[in-house]
Amino acid sequence: MSIVVLYGGGRPNGNTEILTKKVIEGIEVEEIHLKDFLIEPIIDMRHAEEGFPEVNDEYNSIIDRILKHDVIIFSTPVYWYSMTGIMKNFVDRFSQTLRDSNYQDFKQQLASKKAYVIAVGGDNPYMKALPMIQQFQHIFNFIGLPFEGYIIGEANKPDEIFQDLKALSAAELLRKDLQ
Amino acid sequence: MSIVVLYGGGRPNGNTEILTKKVIEGIEVEEIHLKDFLIEPIIDMRHAEEGFPEVNDEYNSIIDRILKHDVIIFSTPVYWYSMTGIMKNFVDRFSQTLRDSNYQDFKQQLASKKAYVIAVGGDNPYMKALPMIQQFQHIFNFIGLPFEGYIIGEANKPDEIFQDLKALSAAELLRKDLQ
Amino acid sequence: MSIVVLYGGGRPNGNTEILTKKVIEGIEVEEIHLKDFLIEPIIDMRHAEEGFPEVNDEYNSIIDRILKHDVIIFSTPVYWYSMTGIMKNFVDRFSQTLRDSNYQDFKQQLASKKAYVIAVGGDNPYMKALPMIQQFQHIFNFIGLPFEGYIIGEANKPDEIFQDLKALSAAELLRKDLQ
Amino acid sequence: MSIVVLYGGGRPNGNTEILTKKVIEGIEVEEIHLKDFLIEPIIDMRHAEEGFPEVNDEYNSIIDRILKHDVIIFSTPVYWYSMTGIMKNFVDRFSQTLRDSNYQDFKQQLASKKAYVIAVGGDNPYMKALPMIQQFQHIFNFIGLPFEGYIIGEANKPDEIFQDLKALSAAELLRKDLQ
């Protein structure tokens, strides 16, 4: 089982990253920090005759890296009760890939993979991040990617995630599953 | 009553914009297309000693324009069951404004304003955009901005919003309220 | 198009009933007030060898009446952010019908019908009744009943629904659809 | 810390009850099986001059027992993506207690208590029971009862909950908290 982690956060070693590292401890994974790549916001050309223009950024290279793996972990701090804008701009571009002739089997490929979400927030995420989980569910349903599970963690200050025993315990269980 | 519209969409004259224009027809408003401005994703420095750095982009200028108005309309196509990444990056930066000494009364100012959301989506938004509405509710609650109402519209192809009589009727009612 | 209305409310002529009457004005419908019938809570016997016992109440007679129609309107006041307990006890019994050999084609029959929800609440239902709408969506998905739409209304005191122009306008549009 | 468990399920020794017993193992608690009591559905008389009539059932006696404790655990199987109708009828009656002169300090008393929800469902409850959690959040907010946490479990057949290691682990953590 080959695993890729997509990090949506903007802060190195943030609580979300710490919790995610617990999940992948001792497991070989590919890690992608979306903030380190140029990803343009989508220009919605679904209905233009000429279709989507080629975009000169690093989005496709990340898609290529993701598609090589069996498990995709979306690791995002909860910013304003959803994924970060950085990750959202990445997800928005899926609309383009779905119509890109170079990725004709995008959905078929995703159908055999598994997605997980790991998200840490500071303002009662066990309640207020639930709409975000529902959004991910709709996203994964649309692209045909099985949503296998999620871990919510609560933390505000640096390293505070170590006090969320429920999240740490869920991380450890997921680690065993992924091994 | 002075009104500002924040457009999150990437496509000119899209269905969301059309529905929004119905709401503001005959009313003087300030319109801001977020895609036309440089807005950097937030670098979360809430817990760094040095605090948030000054960011050399156009985010603050938009905040300044918004704060002059009594009503803020968030107008966004539903991309992947939430606001666009462009709008999300804008909202993410609120975290910075909340700690910016130049905006010490940010929350107090917002408390006297009213927010509306107008969102059009193609994949059953009357059901699948509800997590997005809940997310906006959490956002507005946090910044102390009263959430006065929302209009969801369903449309996929260009101009298809004209067939959503429920959305058009809600737009007309809101227009009368705002006059 | 033949229509049945299931009322979940406990108060005659309540705001939910008023709004529903707007929807069915001038249309012949069958109206069922669930509170007038003996409906036992389900005893979950899905996994008992003997299966569900026959229940000596009026539940099945209501199912029989519903199945004769093309459109089912679930009309419920929002009690504590969901359907009334009376209606919930009715819905809970679906589990039994799904395993009742007398209703082997229950799901097939429902698949050709359409469901609507009309719900009026007093505590910001446009936000706080959204989980209820999502719950109905899951219910209808499970039993294979297409969820065609919903109307949320806001009202607290008797007759206050007449001030919710958005709900009244949505009711009028639905009335035209159903005619 | 004195604890009361409200069971909403209709099946003895069901998966929800098993998971709840894990939480309260070795802790003295008062257990109330709502199905064993006569609880009438509410007749909404909030706006009637005469107010709510006295109801000749066992609802108040359960409220009296609950109010003696510091922690209230709502333990319900997920029936149709929410609490059981039995529990819903119980909750619906809160409207009456809130206006009952014999319980004038109902909200003040609840404010010093803590609520937990334990819910086990068979159809992907980690996703599809989230609207139910949001409903409980709204309910607890309204009555002023702090919502301290929830455990979702997945199980369908009898005893299947023993395979949901995530739920069992969360139960063990909660047990330690409650001791």
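Going in written order, the chains are labelled A, B, C and D, and every chain counts its residues from 1.
Following the convention adopted for this analysis, a residue touches a chain if its C-beta (ideal position, glycine included) is under 8 Å from a C-beta of that chain, and two chains touch if they have at least 3 such contacts.
Keep in mind that this is a model prediction, so the values were computed, not measured.
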item	value
Interface sides of subunit A and subunit D: same vs different residues, half threshold	same
C-D compared against B-C, more contacting pairs	C-D
Chain separated most widely from subunit B, comparing mean CA positions	D
Between subunit B and subunit C, centroid-to-centroid distance (C-alpha), Å	34
Whole-Å gap between the CA centroids of subunit C and subunit D	24
Residue list for subunit D, restricted to those that touch at least two other chains	130, 134
Residues on subunit A engaged by subunit B in the complex (per definition of touch)	9-11, 14, 35, 41-45, 47, 77, 79-86, 88-92, 94-95, 123, 128, 130-132, 134-135, 138-139, 142, 157-158
Subunit A to subunit D touching residues, read off their complex	126-127, 130, 133-134, 137, 147, 149-150, 165-166, 169-170, 173
